[in-house]
Amino acid sequence: MTLERASAWAKYRKVRAWTEYLAEPLSDEDQCVQAMADASPTKWHLGHTSWFFETVVLRQFWPELSVYDAQFLYLFNSYYESLGPRQPRPQRGLITRPSVAQVKAYRAHVDAHIQAFIQRCDLTDWVLAFQAIELGLNHEQQHQELILTDVKYLLHQNPFGAVYRPQAGLVALHPQPLHCASHQATQHAPPRWLPFAGGLHSMGYTGHGFCYDNETPRHSVYLYPFEFASRLITCGEYLAFIEDGGYQNPAHWLSEGWSVVQACQWLAPLYWKQDTHGCWHVFTLHGELPLDLDQPVSHVSYFEAAAFASWANARLPREAELEVAFSEVEGGRSSDLQQAFGACWQWTSSSYDAYPGFKPFEGAVAEYNGKFMVGQLVLKGSSCVTPEGHSRASYRNFFPPSARWQFSGIRLARDL
Amino acid sequence: MTLERASAWAKYRKVRAWTEYLAEPLSDEDQCVQAMADASPTKWHLGHTSWFFETVVLRQFWPELSVYDAQFLYLFNSYYESLGPRQPRPQRGLITRPSVAQVKAYRAHVDAHIQAFIQRCDLTDWVLAFQAIELGLNHEQQHQELILTDVKYLLHQNPFGAVYRPQAGLVALHPQPLHCASHQATQHAPPRWLPFAGGLHSMGYTGHGFCYDNETPRHSVYLYPFEFASRLITCGEYLAFIEDGGYQNPAHWLSEGWSVVQACQWLAPLYWKQDTHGCWHVFTLHGELPLDLDQPVSHVSYFEAAAFASWANARLPREAELEVAFSEVEGGRSSDLQQAFGACWQWTSSSYDAYPGFKPFEGAVAEYNGKFMVGQLVLKGSSCVTPEGHSRASYRNFFPPSARWQFSGIRLARDL
Amino acid sequence: MTLERASAWAKYRKVRAWTEYLAEPLSDEDQCVQAMADASPTKWHLGHTSWFFETVVLRQFWPELSVYDAQFLYLFNSYYESLGPRQPRPQRGLITRPSVAQVKAYRAHVDAHIQAFIQRCDLTDWVLAFQAIELGLNHEQQHQELILTDVKYLLHQNPFGAVYRPQAGLVALHPQPLHCASHQATQHAPPRWLPFAGGLHSMGYTGHGFCYDNETPRHSVYLYPFEFASRLITCGEYLAFIEDGGYQNPAHWLSEGWSVVQACQWLAPLYWKQDTHGCWHVFTLHGELPLDLDQPVSHVSYFEAAAFASWANARLPREAELEVAFSEVEGGRSSDLQQAFGACWQWTSSSYDAYPGFKPFEGAVAEYNGKFMVGQLVLKGSSCVTPEGHSRASYRNFFPPSARWQFSGIRLARDL
Amino acid sequence: MTLERASAWAKYRKVRAWTEYLAEPLSDEDQCVQAMADASPTKWHLGHTSWFFETVVLRQFWPELSVYDAQFLYLFNSYYESLGPRQPRPQRGLITRPSVAQVKAYRAHVDAHIQAFIQRCDLTDWVLAFQAIELGLNHEQQHQELILTDVKYLLHQNPFGAVYRPQAGLVALHPQPLHCASHQATQHAPPRWLPFAGGLHSMGYTGHGFCYDNETPRHSVYLYPFEFASRLITCGEYLAFIEDGGYQNPAHWLSEGWSVVQACQWLAPLYWKQDTHGCWHVFTLHGELPLDLDQPVSHVSYFEAAAFASWANARLPREAELEVAFSEVEGGRSSDLQQAFGACWQWTSSSYDAYPGFKPFEGAVAEYNGKFMVGQLVLKGSSCVTPEGHSRASYRNFFPPSARWQFSGIRLARDL
């Protein structure tokens, strides 16, 4: 095996192993149940990510290989219309069979054949196959984050709470706790405002590594001078908004957001709970903890982020602004902007639209990103549960404005 | 231990063991998922039936004994308002913890303490305690039937079918297959019509064994002469209704039934499926089988039963008529009326109303039956999945008119 | 014209004129809008009752006569599947055209042709035609009551209230006000309990006048001794139930009723409103009035009636019991039972099932009653808005247990 | 009165008269009913536009004047949270009182007092008051278009169709028919592709007349070279998409659009209907007409517009591109781009986001535009029912991507 192939295989093994590490603390029951249509069972994530490699790598480049199980093509297709019918998303949790063990066997089969394929693939195929494997690994990393956000949502349905992993047991393998809490220096001081210059800027991926189709092509945008808060909004600052009647005052809210607040009776971010003594607690992957006022607020919807910004006499960032600023962080040119990556995804006021000249991936994966470009907002940065090395300044995460089960937080911006 | 107590304990063990036998073929995943609001997970049935003994026997008669787990009082209370808040019924499937293993440990705890209690209970308590245990066992038998109907519904959601138990493997322990199919002599010949006399009859439980509050008091009813078909309607006869356009012709349907037919696009009983060659198949607990035309039709709603009866120029039985007829079967006074018990529950046209002078059980179990006396119809007899010895002529099963996931069939009646 | 025909025509004119009198205070807008699926616009009632005469009399017995307007056959068919497709019930309020004026012209056309038909109909047809006209008039009277209940519901949607007719202006034509209030002697004294004997009784229509198919055949029923409250429950008595926490205590409620109470946040009968000073007001066809504690409570659902009865240590009457008692009132054999007719319909605990030997009307009107015999409860008596002479002891009104927009009240019963 | 004031009054009279002209062919019933939550009754539009003048002009600048009717402040407030509670939008059609006549009296009152106010207003107030009147008139023009789109939707609910105005009767007062059909030269020839240069452009309102807050501030945007089709897509071209299986092929659709197509069973634009011979008809304000293949297709959602563009190997315009191109038309610098205004609103792929530096209007009307800036897409141009002089190149219309009841069509764009 060439060094390049050996390195690809090593990376494959590492990413795949991390997925299984994430599933490890979960019983078969935990891995099977679906708590809401948007959140998939862990077992489904395990199967789907393997199906992705079978579909995009093995079946493309090794057509003689038999399909592992024709039923899995139906069960683990997420949303690819061109690949045929599939289990409806809200019914992924009804699949008690295949079992978790059978899905793990499927993973092992795929892993073994990817290894064999990396060895046997001829040179002409390798360039494309390597790209497909890269895509599969980045895809798997996205599902690693979803496993944690979806499990958190599921365990929260348990009326008596449930712990994914105790806080202590985590240190060795994952130095960063899975709740935003406590992994960053405390934030007593008010944020500073950091200025950025206007004018013609470039955005979109530049580099030689992997990126998604939606990050391209790199293109020019005209920006006006702006400033960013040096850090994310803390739970304490968000609590001040709550205590100032933020959830009772329509003046700060988008019309649709205000409807949601009333229909769903939102009074605080998802996972916050006030006890009868008025103390606030927050549900985390380590179970319920007292609210730490110095940690970044997380699990807020776009509607809440925008209302908070209005209340704070500021605004949310535009995507291009955040990309320009995060590029400086990435390039080591700015040390003042904290929490760009690794704390919370940061809502932008920019709709998830196609870049000028956008071309989707070719083949089945043309459906990967482009067909979701309506009704969603871009989030930039990454969160405490984003796998190491997965994000970058040009990365475009996106969710509908009412989504709260992701680790989504708030950075404020202002015009200069 | 007296003989009476020894016999009570033996019966307890036997009934409880049967519940566990029923759960045996199911994985933890199968036992955890809830496929619709009306159908509960097997794990919940396992927990709830134990909770019932803890609540109705142990906590009543052995108050010094600590509660096993206060959370279980919340999780496994079904609908007893007087016993406090409870897990909402449609969310029983979100409870991945406690695990199946933990619920089994709870069962073992309850069993051990029931055994100890039977030994230690003083004489004055025993009369009432014995009745409470009897109620608990009859209650558990009801849930045994529900485990099978609910699991059948769940496994049917699997797009590729799923087998609860292979047909062969069942014989030793349960001589009667779990699908209506094949356990009765074939039914080529048309049914005979058996006449019954009118006049003043009695209905309601008479005897010295256990019965539910809703079967009492025994009382007089005036009936007009009628006749019954000697056996249940077969799949073949029902197919003739389908092929005659029964599901397309509103003339035979109750108004609300016709709305349901159109809204839910019913074309046949639940679990029937027609393949592209026009052949009919039926999903059973043994997996999908070819439709056996000679077996009794099952899994029809009241709406379908009533439409079929109209199409057949007959009517459905009244509850009192069936009770009179089944009492003759029970008393060995009639050998002509077949399939009174053990095939399918038989829809009656009688609403589930209180008998004159009805008094609910006392205490928390006052909620057992009385509060459901509206909007439901009585079914008489028993089904192929009703536990041996559980039913009787005066037994009153009841479901809403659109329910189809029970083993419910059709016996025709006519005025004389 | 014979005297019989002249008399039929006179009765026809009188009933039809009353319908128009009821519509008189309403603007075209009031007559067009539909406030909920169960309540139809007045214009629709005006058209439908004329369509009924055109369909059941003119088209049956005068086939050469052209259809007035083929579109009206679609628009004004209520639920007769055998007469073809029809405007969906929840969309009756979208029909702004034909206008009220056009529907009135349709009424005039039907009236003129019914008059001509009565004169020209040959002797052999007359017997059947007379019965069809009788049915049409009784049908129209049912819609007269519905016009008022439906308009009341509509005007109540107006956030500022709205008056159907001022209380004063009504006296000449309708000596009885349209709200239950004030038309009966005040009810300070507690009701007396009047005993009735058990044994074999007869129920079902007996006589030579008109009755519906559902009132036949007359048949025997066995009753146990019972007693009735001499009058209906008053608003004051119902208020005591409210003030005793009746709407907060599940112990008195049927399971389904309790679900409705919580889902719909019921705190009092429909049309009751408590102001900020704690005073209760009630919306009537004369506008909002202070609650009169001595009047019979009205606009309660079956669920509320049953809960009140449980709270009062009594029960609701069975249909047969009320029919036996009302027959005595009708026959002048009892002067102690007050408010049998003309105050509020009285909920019974009897499901609306077919009588033994029930045969629907023949022809299209077979759908009149029989197809609704599931999921509903019988109400006996009549209300303050039931047309004079429309009801009788054997009359069977029926509504689902959650219906509140009818003038439905409570009479208590007890076993003896 | 100064000339300026006289001119303001003349404009006011003209705009207000046009609203009443639009309501003229409608009966009181037509004006009262609400066919869906998004479409308001004409009567409500008549009241709301008067309420707007009372609120924004009279109550602001003439505080001594009494409120006309306090109930109207509740009934005719559309969505202004800062002005207090209001009739819920989906229940606007339940308001049968006040009547159409009473709402017209309200209009007359407002008109008389606006006239008096224009005369008596002192000089210092006049500048602001003039702006408020201008806003009121532009607001009223928006509702003029909505009256027609909402009435069209209502009349289409009538199962037998209904005519708003016959085609012939319209010519004198409104030279342009209210259906897109026939008011533009026929479009046999394929469209030409017109190129536009990239680079730094300006967008946003520039001029001295009225504009909305959302059109400001004028700002720079960077565009890449593009080309536009010289005219809108015709019904014939859209029919080719339908006949090529466009509504059956998910490949062209956004994911959410494909869900809507299936859930709502869309097969063609709103108002299109295919008869049993395969001929297409279209419902218009003049009633149902044969489909004219040469007219611009209208009443398509964003989802359909985007799917068509994908099928045609093109894309939808960005807002800035259309604004640049329409500015040339407006400035008389381009005669090749047809149907910029007066045919159909043109969907853009640009989300309705705030411009850099956007500041809402001050006071209550701050809620006019800003709070809707999420989940909607911009449409540019104007339609055949947009009032003369109401639109301009910088105008930003906006609707959710599934909206079809507006006169919305398709212009194609391509990258150069």
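To keep things simple, chains are lettered A, B, C and D as they appear, and every chain counts its residues starting from 1.
The rule we apply is simple: a contact is a pair of C-beta atoms (placed from the backbone, for glycine too) under 8 Å apart; a residue touches a chain by one contact, two chains touch by 3 or more.
Since the model is a prediction, treat every value here as computed from it, not as a measurement.
**Q** Counting only Cα atoms for the centres, state how far subunit A is from subunit C in Å.
**A** Between these chains, centre-to-centre, one finds 59 Å.
**Q** Indicate the whole-number Å distance between the mean C-alpha point of subunit B and the mean C-alpha point of subunit C.
**A** Computed value for the inter-centroid distance: 38 Å.
**Q** For subunit A versus subunit B, what separation do you get between their C-alpha means, in angstrom?
**A** 47
**Q** Where in subunit B do residues touch two or more other chains at once?
**A** Residues of subunit B never touch two or more of the other chains.
**Q** Could you tell me which shape the graph of touching chains takes: line, ring, star, complete or other?
**A** ring
**Q** Could you please write down every pair of chains that are in touch?
**A** A-B, A-D, B-C, C-D
**Q** Considering only the defined contacts, which subunit A positions touch subunit B in the complex?
**A** It is residues 27-33, 35, 71, 74-75, 87, 91, 93-97, 99-100, 154-155, 157-160, 162 of subunit A that touch subunit B.
**Q** Can you check the complex and tell me which residues of subunit A touch subunit D?
**A** 79, 81-82, 200, 219-224, 250-251, 253-258, 302-303, 306, 318, 349-351, 353-354, 356-357, 367, 371-375, 377, 401, 415
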